[in-house]
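Got a structure for you, questions after.
Labels run A, B, C, D and E following the written order; every chain starts at residue 1.
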Amino acid sequence: MSRVLEIAGLVKSFGGLTATDHVSLTVESGEIHALIGPNGAGKSTLINQICGELAPSAGRIHLAGQDITRLRADERVALGLGRTFQITSLLEDMTVRQNLGLAVQVREGRNFAFFDNVARRREIWDETDAALAETALGPRAGVLVADLSHGEKKQLELLMALARRPRLLLLDEPMAGLGHLESQQMIETLAAARTGCAMLLVEHDMEAVFALADRISVLVYGRIIAVGKADEIRANPEVREAYLGEEEA
Amino acid sequence: MLTVHALEAAYGASQALFGVSFDIRDGEVVTLMGRNGMGKTTTVRAIMGQLPLRGGRVEFDGRPISGLPPEKVARLGFGLVPEGRQIFPTLTVRENLVATAAHRLKTPNPWTLNRIYELFPRLNERARQMAGTLSGGEQQMLAVGRALMTNPRLLILDEATEGLAPVIRAEIWHVVERLKAEGQSILLIDKTFSVLKRLADRHFILEKGRTVWSGSSADLVNDHDRVQAWVGV
Amino acid sequence: MILLTEQLLNGLQYGVTLFLLAAGLTLIFGIMGVINLAHGAFYMAGAFAASWVAIQTGSFWGGLLAGLLVSGLIGVLVEVGVIRRLYARDHLDQVLATFALILILNQGTVLIFGRQPLFSSMPEIFSGSVEILPGLPYPVYRLFVIVVGLTVAAGLYLLINRTRIGMLVRAGATNREMVRALGVDIRRLYTTVFGLGALLAGLAGVMASPIVSVQVGMGDEIILATFVVVVIGGVGSVKGAFVAGLLLGLADTMLRAFLPSLLAQVMSGPEAQALGTGISSMGIYLMMAIVLLLRPRGLFAAQG
Amino acid sequence: EGTKIGVITTLSGPAGYLGEQIRDGMKLGLEATGVPFELVVEDDGRDPNTGLQIADRMMNEEGIKLLTGIVFSNVAMAVVPEAMDLGALYVSPNAGPSPLAGAKCNANYFVVSWQNDSLHEAAGAAAKGRGYKTAVALAPNYQAGKDAIAGFSREFGGEVSEIYTGVDQSDFASEMAQIRDRAPDVVFQFHPGGQGIAFLKQYQQSGLLGAVPMVVAEPSFDAVILKAVGPAALGVIGTTHWGADFDNEASRQMLAAWSAAYPDKPLTNYGQQGYDTGLLIGSALQQVGGDADVDALRAALKEANFISTRGNFAFGPNQHPVQDWFVTEVVADEAGNPKSVTKGKIREQVGDVYAADCKM
Amino acid sequence: MRRETLALLAVFAVLALVPVLAELTGQTSWTRLVGQALIYGMAAASLNFILGYGGMISFGHATFFGIGGYVVGILYFHFDEGTRFLGIIPGTGQMLLTLPAAILVSGLAAALVGALSLRTGGVQFIMITLAFAQMFFFLFISLKTYGGEDGVMVRRTNSLPGLNMRDKATLYWVILVVAAGYYLFLRQLVRSSFGQIIAGIRQNERRMTAMGVATYRYKLAAFILSGMGAGLAGALMVNFLRFASPDMLHWTRSGELMVMVILGGVGTLAGPFVGAAALTIIETLLSRLTEHWMLPVGVLLLAVVLLSRGGLMALIARMTGGRGK
């Protein structure tokens, strides 16, 4: 098993607040590593540092052995990092098909071509249509993203991230806002995708976390207080108190 | 208190509601259930006057309120925690809470800044931070606090626990329970089926913009198969 | 030494004038988020109304009142008639609409007042000079402008940052629908605030009328500088607009006053003069470019 | 049904009153000659494109052979060459840019007002005549401003220190401080229109008025500016090619006609230039008997067979005026309002320095 | 698709007939008017490429228009005087040289301005492009050799082999052909892979970055392409007016281009041309009727904004029953 992501001593402060405090963590290939913790613990801050939207105050990030701490966000993507957003972030004025098509196109390259016609790039559209047909979004291909329901947007987010064929996928609350059925579907989709890529999963839906995660790290006040398998975490009294409470346990 | 009858509404050309009917009595907790995209949020928007009605009526205390602008509706005593939080990012946490605060209906024991801070200590810690930089869950707490600060007669929670940690979620349910005990009417939209079943008095299920089922929590259990088909639980 | 002091004072005064011009725009553009190109036209309306009434009544104060009333009223009418329909639209529609308003207001002024500049004089009590330092007389009126500017700055700061109205306006700029859904009649609020912004533009016009020429199109010349002030300061920040106003006022005055003679050390006199003035005309734009390159959101950008 | 005359002028924006004066004056001047005529007036908005557009239509569609009216040099520089190419005549009531006065002069191009430089040469001569030795000269930092200071310095001969102002600057406090600091014998400034109004007001407010004398050329103290600044203009020394108090029949007739037609508007030099242009065109039309061909009309124009409101008037070799220049001073009238009174002749029968380059 | 081709051909044919019709009806000034509208249309369309398709609201677009124009003016000036620009580059009056030169130089200017401006976004981008535009404006105003504020004359329109460019109609047809070519170029561009990326960046730059797009590079490329288009339009304009002046770079000109785009329809191919034509023609016609033409023009513009979302193109689409855009 090779190491896809390695974070060492990552620190991020906002003024007086240390949002991530010497966080170290690894994700192995093929692994789904869940990151849980109370609201405001610094999970999204961590994700944003990994994907390059925030510059860490200290620490290093390695992707598949390469130091990416100082790379631009898009360069990290080119090296195999994918992400979804906690609040969906899509191209609202385009159709579902165009959104996904664009993701495929970006990966395929030739993006500086001024004199071709995207509509005629078969390789893009074949892949796009095939990918859509496999999901519940198939019949919605021609709908503008602005008109999608919340759950549909979440699915599209994931499809677009996967279209890039990343080594590592950062998922910031993929289940948030999904209904029960849709959550089930999402869990299945993620489980199916895990063979191709490792994932760092931030999620408050414990059902999903326990169903998917190989390992779980618990972040509280910017520090990792526990790492372990699902059962270990579930049983950890500190985690129960800081995070799980009685309802879920 | 609130009666919604045969509501129809559309986004531009595409119709989203085809006949939603339900009602809430004083002091009651009522849920709207249904899968993603079935029209729950749209129903709320239509009631609040944020979306023009194509048909149907909305009555509050027996008075028709269809066609009123949102601010008039809100002033009647609707407190909205909208889907997706929609806090004001360029205001501080404290400003978010006080900017729209009101105590129009002179209810006893009104919500104050202090009571909100007691409820969500996290917000107190972050009082002077710009709301746009809050974590997702903190924003959700803020949205709930903001709605409570208007001291509403009917509280509408549209996915108010989305993105909250289990402990906080439990905390919110405790609050709802307490509010219910105090006689607050609440319209709940959420996916935590087990909790809804426990907390709410009556339930309405939406399917493709129509009310297809209604009943008490007991009915919910008895009619499990049909409910399962619509809601997936 | 006296020259330096005087130029510093001039810079300060010019800076306050710039802020006064920009104050209304801070509300309308900075906080409400409306790209209002017609701001200069409100300024012109204030100046014209004030001068005309002052000529008829012989009273500067009567003129001041008229200027405020007229510009405020125009602001309210414009908001209700035009701007209100455009909040939900693309910013570019606002550009087109307010451009159209400039044409209408300018030509309307020509129809009412003709093409000739209006005479406007300053109130008797402000017409003299005081000796602030031995050998340095300074016009009282300019001191009066400084005082008015500082008052407006303080008032506006309090209004925006300390009152509920300020909070609601800022909230409305990012999410109008939500403000309404929480029970606030934002339409009336916005009309009021837009009117207030226009009134402040009018105030700037009134204050400027004894100093500059009251003529059609006078507002078009100042509009760029006011946008520059708001943007350098950081969109939405009263404090920023104030600091940026002072900064630009000082820089502009100092450049104009001393750059040519500095350059004259290294090149011939007339060329130094021309180059120096050339650079100082570009001054505010140069500064804006530099500030934005270093701090892309301005000096005191509101977060979020 | 008279001869059609195309008037392309600036009626919109801050400079709108200049075009208005020219247009109104021209109409009165033509009426005074009694020829039948028809003015086709259009606003160029101070935009060369628009000017050209209008000229094109007037010449090609309406068959107008005689154009006039342009206020600003940049519009003139776009329109005049086009008119020359099409063989039309252009008579300038205002702008006389130097490129069109020298080597690029043209037989079909006439200037009735003045060549730009000569305005400021007169001011230089006046300052010299009063015995001043040192001057501060201020003008906007564009070509016309630099030409103004150059023109002033050429005749002044003394020591001139220059200050250039911004192109749309309206606050001159910094310049006032510099003037005070340099303490010259005299100040020369060239700021037409709104900038001139602001400059004069602030000159007074800073306490310089009365302390340092000011000499200006006519665009910086026209009657509209005087009316707008009021007492702030008192004591300013000006130079001009015509003044409202000129003691000649043509000027008196013009004043009478003007105050009858436009009682609310003061007559400025622009109005007078328009009027003189009207007289010139009218006289030429009369001579050729209305609708004649361009050649005849050109010849008639060249003769300048009219009595100018300014007294002496003749065309030099480049068809720009050879005329007298006068010194004036702004004093208070009975009501305390400023008015300009003529103090005497400063230059006699002068043309311009570019005429020598013109080969026609 | 076929319908669009037909419509384009029809419009082109009508436009090509303008000089003939103008001559027949005696309304000869229409040739100039339409020619001018076509040139402004090109400039506006070039702006629309970054503004409408790329979401970059540039308030300094007239800079490139003016620079393109000045390239023609300056080259002609040196050609006329027999001197060299900066002592190196000889002047010329050949359109086959001046147009590419104008495109090149304005492209370079756009690269400079874009490289710096694109580090900001939103309102700040609007203002920083304005700032650069003002600096260029003051620069050209102080170019004494080239007439400063008064500008430079181009006594003869640039020549093209085999054509009599002094003939108005010929010049008009040359402009029409270039404009049509430019329209087709833009149409191609927005359909290309590059155009798709640009559209994506407009809608959600953060998402494009997350997909691995180095957005800055694409935006800069688009900005440069657009500046080149404006430079081409400016070069034609100077040939048309035979005069280049700082007016071409004034900020009000940038504003006017923006108004044309918005009036016609942001993010549509034909919109800028329609907007440019509408504005120039309305202004010209109204100013013939009244010297207070600004008032009705203002009222008309206001009516368009208030009554139609998406400018004249949306209005046209609604009237012809089409889909808009």
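Rule of thumb we're sticking to: a residue touches a chain if its C-beta (ideal position, glycine included) is under 8 Å from a C-beta of that chain, and two chains touch if they have at least 3 such contacts.
Because the structure is a prediction, the values reported are computed rather than measured.
Under the contact definition, chain B and chain D share the contacting chains C. When the partners of chain C are compared with those of chain E, the chains appearing in both lists are D.
Contact count check for C-D and D-E (C-beta pairs in contact): higher for C-D.
Inter-chain centre distance (chain A to chain E, centres taken as mean C-alpha positions): 44 Å.
Annotation: 52 Å between the Cα-based centres of chain B and chain E. Separating the CA-averaged centres of chain A and chain B is a span of 29 Å. The residues of chain B that reach two or more other chains are 133, listed in rising order.
Chain E has residues 138, 141-142, 294 in contact with two or more other chains. Pairwise chain contacts present here: A-B, A-E, B-C, C-D, C-E, D-E [touch as defined]. By the touch criterion given at the top, residues 188-189, 191-197, 199-200, 203-204, 206-215, 218, 221 of chain E touch chain A in their complex. Remark: chain B residues 11, 14, 34-37, 83-84, 122, 126, 133-138, 140-141, 159, 162-170, 173, 191, 193, 231-233 touch chain A in the complex.
Across the interface of their complex, chain E is touched by residues 11-12, 41-43, 45, 47-50, 52-53, 56-57, 60-61, 73-74, 77-78, 81-82, 97, 99, 141-144, 146, 167 of chain D.
Taken together, the chain B residues at the contact with chain C in this complex read 48, 50, 69-71, 74-75, 78-80, 82, 86, 88-91, 95-96, 98-100, 102, 104, 130-133, 146-147, 150.
By the touch rule above, chain A contacts chain B in their complex via residues 14, 37-41, 43-44, 86-87, 147-152, 173, 176-184, 204, 206, 242-248.
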